[in-house]
Each structure stands twice: as C-alpha cells, then as structure tokens.
C-alpha cells in the first residue's frame, strides 16, 4: 500500500501516517521528494483496513498495489486450471462449445436443438428457464418446467446442461437439474447469490457484468471460490459503451488479460456481445485465435419464431456450418473440438 | 412500431411483413421511397411480440416508438406524484434529505448520527445493514443486528428509516424494521428482488444501476409498481464512464429527463456519485437547482474511523453547515426544508 | 514516481531499477514487502523521461504521482484567476453569460440576436463561422463573411465576440475579428492549433473533448499557456457515454474538480451537453449552483429555421425568461449578473 | 426520414408537418395509431435539411433511415475495394502488415527497423515524425528530418512508408516523402485536415477516433473521398471505455461491422489498442480471424530506450516470431502474407 501526501503536507502529517502504520505492526518506508512525500506500508495490509488513512490530514491518496482476490489470482496459482463438468473438461487443450436457445420454450424445441448442436459438435447445451428481461411485460421463462425439459434433452444426448439462475429460489430448484450453473451479467455482483452458489459446489459459468471491470469480475469469482467451489469458468459477453452498431462491445482483449491475471478458464459469448447474426462467425473465430477456452452460441430451431433474442440466433444449418469453419482455428490453437 | 426494409428488399419481402402485421389484427402503413421502404404497424403491438419481424428476409431493423413502461410513464399519469413514507412526503414542494453512515457499525454510532442529522434538518436516516462489497474479504454489514439499531435510532428521533436490501432473505428480515426499502445500483436489475419488493407494498428508493440507461431504470421501477407498490422514488447516484477524477460520473441531467418522462420523484446521492467530500456540497446545491426532490448524503461521527466509504462521508459539523447552505437553494426552488 | 516490481522480481531486477534511477541523479527509496517491492524515485523525474523503466525486467508498473501540467495547476498558483476579455471579467464574483446562434447564417440574424441577448443580460456573443460537421454534406459555415457580420454585431452592442476556429487557416483570419477564440471539443487535442492559438495571445475558451479526461483537458490548456497566452477559460460541454436520453452526458462534477485542480475559470454549455431545449434551464441553474463562472447558451431568432442545432436553441423570449430565472441563483452564488 | 409525433399531438400539428414535407416536393405517408402518429417522408430528404421539422409543435423526434455517407457506403458500392499503395495492395486476399517505431528517433534506428521488419514479412514501414502528445513537455517528433530518414529507409528496403500528419503544415511537408498518409485518432474529426488530405490524392490510413462511432468514422472517410481521394483504409485502434486493464478497449467487432456497411479495407492496430506487449500477439491473430485486411504493429530496436510507447513495442525478435505465428492464420483466412 502506498500513501501519497499532498503537496504542502506538514512533517506532522507525515508522522501521523507513519504512526498509524507502525501502530498496526507494519513498516513504513518514506520517500520524501521536493514536491511530494510518499509512504510505503509494508506488511499485512488487512490490519489497516479500518484505519482510513485517506482521512488523516495531508494525505492525498492511497494506492493499492496488490489485488484483493487471492484464490482466483494467477500469482498464487501459476498453472492454468482445467475445470471438469462431469467428464467434460474446460481449459487448456480443449474448446468447449456451449449452444442452445436463449430461452427454453417447450420440450420439443429444446430436444430438437440438443440433437442438432450435439451433431454439429457442441458439448454443452444452454437454455434459459429464468429470463431476466428489461420489461416486466416480456416473456420471463418456463422456470422449473423448463429445467425438466432441458435435463431430459441433456440426458438424451449426453450434453452437459448449463442454465442461468437469477435468484436464491431459482438456485434451490436448479441444483437438482443442471450440470453447470450460469450467473448472468446483471447478477455478477449479486453477492448473496454468488455465495450460495459457492456453497453448492456445482461448476459455475460467471458472465461479466455490463460495466464490470476485469478486477471486479475476478473479485466476483473470488466470492464463489471462497465459499468452497473452485470450479469457476469466466465468460466475456460484451460491455456497455457508446457504440450502438453492436448490442454490446465485445471486449476480446479480456481473454489475454484474464489469462495473465488468473488461472481460471475464460470463454466468449459472441451472440450476446454483438446481437447480430452476421457478426457471430467472425467473432467466434477471433475468440479462438485470442486464446478463449470455449464459446457460447445461441441456436434456435426457428429464429424467426423465438420468444427472445431471435435476431442473434443461428439456425441449425448455420451453427453446423459455423462449427465446420471453427475446426481449423481450434486445431491451430491446439484445442480439441 | 416501425419496420425499415433493407435497400433492395423485394416486393415479396415487403408483402411478407405486411401479412405478418395484418395477420395479428394490426394495420400496416407503407412508405415506399426510392432507397428505402418503411412500414408502420398500427394497433396493439404486444400481439406482435413473438413474431420476430426482424427475421423476415429483407427487414433491416425495427424501431420501437412507444416506451415499454406504462405505470411509471408520465404520458399516462401527467401529474407529478408525491410519495408518502408515513407522514413524510417526497415530491413537489418538499426537499427530502436522507442522511447517515454508509454502514451501521454499532448502536451508539447510529443513534448519535440520527440525533445529529435530525438536528441539522434531515427527515430520513440511512444506514447499511447489508453491504454489497467488491471483495468478499471486506466488511459485509451487521445484518439484522444493524436493522435493530437503526430502528431504535429512527424511533428515538422520529426520522424515517431507509435501508438497502440485497437479497430476498435480507428483504424478509428488513420489512420488519424499515420505513423505506432501498435497492442499490448493483441490484437495479435483480428482477426477482424487485418483484418481491413490489409485493411488500413498502415505499422503495430505487437507485440507478452503474450503467443503466434511464429507460432501463424506469422499466425497473415498472417491475415494482406492476406488483402493487406505486411508491417508488428514483435515486441518481452516478454512472460509470471513462473519467476517474470522481468515483462515478453524476448524470445530473437525469433529473430533468426523469421529470419529463415519469411522474415519480427523483433524488440525488452526491456522496456515492463523486466519492470525494469536497465535491458533495457543490453537487448537492446543483441537484436542488436542477429540480431534485431530495438528497441522500453520507454522514459519519468519525469519517476517519468508518468501516467503509470514510473519504466521502461528512462529519456532523460539515453536514450541519451543508444544510445551512442548502436552505436558500431549497427556498429558491420552492421546496420546504 | 513510484516503480512497483512484479511478484517474484529478483534482487537483480530491483538493483537494475535503482541503478537506472541513481544514474540520473535521483534518489531511490525502497519498500520491500513480502509480496511486492516498491521503489520511490525522488528528484527531477523529467530526467528519467527517456529511460522506460517499465521495460526493465521485473518491473510491473510505474505510477506517476505529480501532474504533468504546471502552469494550469492550482498547486503552483493557488489563487483563482480572473481572465479579462477587454474589460469584461471571467472569474470569481462574476457570471459570464455567452449567447448566440450555433452558426452565423446572415448579417441580420446575428445583429438581431446580439441585440436580444444583450437586452436579456449576456455579455458575450457567440456564433459559428467555421462549423465542424459529422457529414461533409451538411452546412459548413460562412467563414470570413460570418466573422465580419458577428464583429459588426459585437461593435453595435458592446458584446464581446467569441468564435470557434477549426484550423490554422481559420485562426489566421479569426484573429482579426474576434475578442475570444474558441477551441471546440473535436479540436481539444489538435495540438498544432493549440500552440498557434497560444502564440496569438488572444483569450481562449477551451471546450472539453468528447471523451477527454479532466487531466487531458488541463494538459491541453497547458499547451496554450506554455506558448505565452495565460488567458484560458475552460468549458464543460458534456462527455460521451452510453446514455442516449441526452445528446451528451453533462459532467457537472467537472466544475468542482477543476476548481480544486486548477486556477482557471470554468463555464458550462448546457445547450450542447443536453441537446434538448427543455433541459437547458434546469442545467443552467445547476451549473451556477455547482460553482461555474459562466454559461454558454444557444439562442436563435427562429430555432425552427436554424441551419444547425435548432432543437437545442432558445428563442429570444425563452432566453430572456431564462436570464430572469438565473438571476437569483447568481446572487446566491455571489456572482454579478 | 420518419417523423414521430408526440402522444397528444393535434391534427393541426400533423398537418403542419405534412405541409412542410410536401412543400419541398416530397411525399408524406401517415400511420396514425392510438397512441402515436408517424409520418414517413419519401423523396430527396436533403431538401428538408434546413426545415428543422423537429421544432414544429407536436413533433417528438425525427429518425433518419439512410446513412449520410454515400461514397464509403457498401449499398452503393457492393464490392469490397482493394486500395493500392504503389504496387502494394490492401484488400481481399492480402494481409497488409505495417510495422515500425512509434516515433522516428534517428536515421540509424529507422533504417535498422526497416530492414528487420522487411525481413520478418512487413510490407509497410510506419514511424511518427509529428507526435501528438498529451503533455506539451513530452517529445514531439523530428518533423521533416524524421520524414527524410524514413523515406530513405523505405527506399532502401522497398517498404511503403506511412506517416501521421497532424496539421495542414505537416501535410504540406509530408506529401513530398510518404506513400500513405495517416490520420490519427485525435484528428479523425479535424475536418479541414481531412479535406486537404482528400485533395492530395495520396492513399490514407484513417484511424478511428477515441470515442467515435462507426457511423462518424465512415463520415470522416466520406470527407476525404468527397474531395477526390478514393483510397481510404480504415484502422481500428481501440476506443475509450471504463476498463483500465488495457490502454483502450479494442472494438474488434468493428471489423465485421465495417465489412457490412462499407467497401473500404479495414486493418487493426493491436499495439495502441491494448498498450501491453503481451496482449499484442493474441489480438493480432484474433484480428486476422475476424477478417481484418491488415495489421499495424509497433516495433523498436530497443523498446526500453524508446522515446515513446516503449512498453507496447516489440523487439525485432518478438516481431519476427509474431509474423511466424500469424502466417497460418493468414493462410486460413485466405490472405497472402
């Protein structure tokens, strides 16, 4: 931790900071420049957590040097993790492709989709049973009924099932049906939900919040891991910016950034990120080239009849063609697909 | 609803759209230009909700002309609402000042703060019992114990008590203690929580999400009102932008925008928005001048000992001085304070 | 300057950094923690400018502690400046109101506008002769002819004339006509233009760039002042964010931030910031309450016939009414208007 | 053009709009719904440019349906363009790699860099002679001397030379030395410069502005093409967002968006976008996979001695290794490299 004193801070001010630091058993190292004095606090900085050094007169600002997340941090876990969902690995050497409709609409459509995406090469079946929607008047999902349908589709095809949970109640139900829980962008900092998910010990797909920094995202993962569940996969799905040509702005650089800061796998969702069908293929290829461990893609038997997100869904034929185009990129990246 | 056809869409494409619209009992109005054909759909557009016109070949994009929120919409409720929390009004002619610590730390500090902010002129006591924190290792709040303390402080002073709830569980407990519930920025689109709060019928302070558009914010209010609770007060608390000189960027224009689009009261939280004590006074005055119905300000008996957000908290003396400075602005704006 | 070493940097790495610092005659202060070593460089850091310490193996990042702007910095010039444009002051105790059309369209309209805004209380006449427009096919301004018209209108009314210059050529011409030059948002980092303006010694109104940080804005001011012209007035005009309810997002907190970091006057342009006529009044009042030294407002004899920005222009009657409403706010803020 | 009337607009209001449209020889098509009336204006909308329909009482908003750029628009030029810089093509089937230092520092370093990047496979040599810098006290470039050096290096190696121009004066000089002009992010809307560049008829690399929308970017290209120079190549180099883990946020989706909206080639600069050497390789591969027509990469003989942007520069060895890694991606994308 570094304390930067204001231009013109008095010697008394500096001493007050030094005293506050040493009182907690840490060491204080002084750098006194002509314009600015800097104090480095060395030792266990959690002891200073309640001291608000920022409010000691003469203090300009405090800079934190170390990240607040530990379990998700590559510094303390230098080897990239492979997360296993049943016998299906997500991590180095593999390309995990998750596909399915935005929302589960009925049993037939999810079963049909499962068969199609399985045939094309996906290993995970996605589908929403609890849909967070901007307007209260939009379709909100089939809830437990939907979970039953997708479980059957997963069992029939051998695909692993991944579903979003949007509340503690949804979680209680979902744990009986799914192989992997999903936390959506809007709930990335729903900390009560994260903690309870961590206690469930079920693998989690943690989507990045609409305007979450990578640091906040890794702290959200830390909430889950700290409760006992180490199996967290991150999913970049676009951030909110001024640009409106795409639904969100896919921050693909997040892939190498995560790779450098964390050992957790990271996948990309080009469907939600771009919101436009024609952009999904190029961004899916780019994701693999950037080092992503997998992809999440929306597929629907009849996009023009979809209850939500039709414009960004691929047909079965389009998804099959996409998988064909992705294979040489996966091979180039050294990933089995 | 307006359907814009692609440059080069065929007459067949146009007819397919017209047919889809008229099949649902709406009227289709055509404007055929040299470059572009536009089709207006007139009638009850909810009937078209599942039709995904966007996917009919030749369709370029769909523009929605009417807002999806109705109950929060000024068009259908032209008079500005006054929300009553017990006998305390929030709305035209009043300036509701809510003050208190970021977190309730112990009984003495919240009681002491209640007395000080009451004396200075506040009518609401704020204080967090459930604290959403970026890191799982930071102080998370006293939970029910904290609610007991703040209830006692409210009763002792006559201040109305407003507390944030971060989960359905916290809500179940909080309804027994508070006069007004608060939904924080991170939970603005925690739709399950919004619905349950709506069912509680307790007045709600709904903070704007970090990167929520005003349209999404009003839709979040709609979730609450649609469940039966009309008493929603909006709170602007800054949005996330590239600028780092302040903690967030206070979007003060949101006040006149909300005033034009909705009948709900809107207050401003300059403490969280700026994150810097010196900026709170100027932005509090500006909020009143812009037409805000109230303010939420962080006050702490000893900011330098605060467990959270100390740097942006005012001391009792500073808050008292601020209230003195605000009074002529409230008078000028025609608001009792 | 603070150098933070990577977790696991070797003692050799640390010594290499220390050596690089001391080789240039600065002192290096070490803080060696368990996880991280920090090195403070004390002395004239410009000597290190070409050393790229960031690239010495083991270095994680470099933090700059002092601002790069000096002449615009309040630390070295603690008293707020008053800029004089002829005999008209901009600074503490005064509210400078600048009004006029977006673009000068003909001689009559600018003369008529000058008389109206003068009568209402403005002391500056604004009007664009060189219009930067997104599309090359939109009206680009009357250029020198426009400058002649606005000069005559200024002379006839005693209003000071402020006009935007968009290139070195425009500058050469404009210096013969205007009392104050304006640098628009798109040219805030057109450094060649800034330098040449600085050499002209004419007072400047420097608008903030669409996505410029406050730090970059003050550095742009530094470019001008460093060339010899100390008379720079800053103008906040909204930044670009995800919110589309307003044309830009007025960052009104920039007013107290600038007040703390710089001695230069700062005014606000609520017309360009919001882009909506109904929001100009509330935000103009808020600007005064926040501490602004002035306002820039678009006024047009017939907004519905304006060649640009009509929707955000006030009529003469509206501007006169606005000035009436602003007066008590100016009085409250201790500013003559 | 679509005119949306306010809820409650009178029949008179509607007629006034219709009259304004038909008065200019366009047709007006009405869609009158229960809540909203919509009027489509069909015909040459430039005739309405000065009418400000938005200000007719009862008008809520105007939506523009067609883009303002024509020459850069794929609608009117469906085939992707290949731009030729001398005999070197940029466009379908080719991967144009531009490499070199941020700034030209002396003759030896640019010559040495030219030889190294040529050997590795680049076909363009980049290097700054005019450097736009945030602070006036930072190194600003060697100007004409630098241009002389890079020209010699280009001639010696057969590489095409691309240099940024930051003002009309720099342009006058640069046209005598370079094969391709570069417009930097800060000057993307320096319209005077764009027009003059268009008159030069020299091929241009047009970087996207820090917070420019794709629509504004294509309009900037239109400024150049409209003056007579059709040879414009776009360069995505990151946009400004809240995320600080990278210098900017590389908006890689811009590549497929541009591909859909324009026929102009588009390349990517991963060096400026990420600002971190370790992220350049992954994002360069991703750019090719996303469909980019080329790359711009910073290379320096000794990044730790660079006068600017050292931390994001590759050494000769790193650049050579990168080119080796990129080759199979170029092959997969069907591009000669």
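Going by the order they are written in, the chains are A, B, C and D; count residues from 1 in each one.
Here, a contact is a pair of C-beta atoms (placed from the backbone, for glycine too) under 8 Å apart; a residue touches a chain by one contact, two chains touch by 3 or more.
A quick note: this is a predicted structure, and the numbers were derived from the prediction, not measured.
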Shortest chain-hopping distance from chain B out to chain D: 1
Farthest chain (mean CA position) relative to chain D: B
Separation of mean Cα positions, chain C and chain B [Å, integer]: 31
Distance from the mean Cα position of chain D to that of chain C, given in whole angstrom: 26
Contacts with 2+ other chains: residues of chain A: 211, 215, 240-242, 244
Contact footprint of chain B on chain C as seen in their complex: 211, 213-215, 239, 241-246, 249-257, 259-261, 273-274, 278-279, 282-283, 285-291, 328-329, 332
Complex interface listing, chain D residues touching chain B: 2, 4, 7-8, 27, 29-36, 38, 40-43, 63, 65-66, 75, 240-242, 244
Residue ranges of chain D touching chain C (in the complex, touch as defined): 46, 49-52, 54-56, 68-69, 132-140, 166-170, 186-187, 189-193, 195, 210-211, 215-216, 219, 222-223, 226, 240, 303-307, 310-311
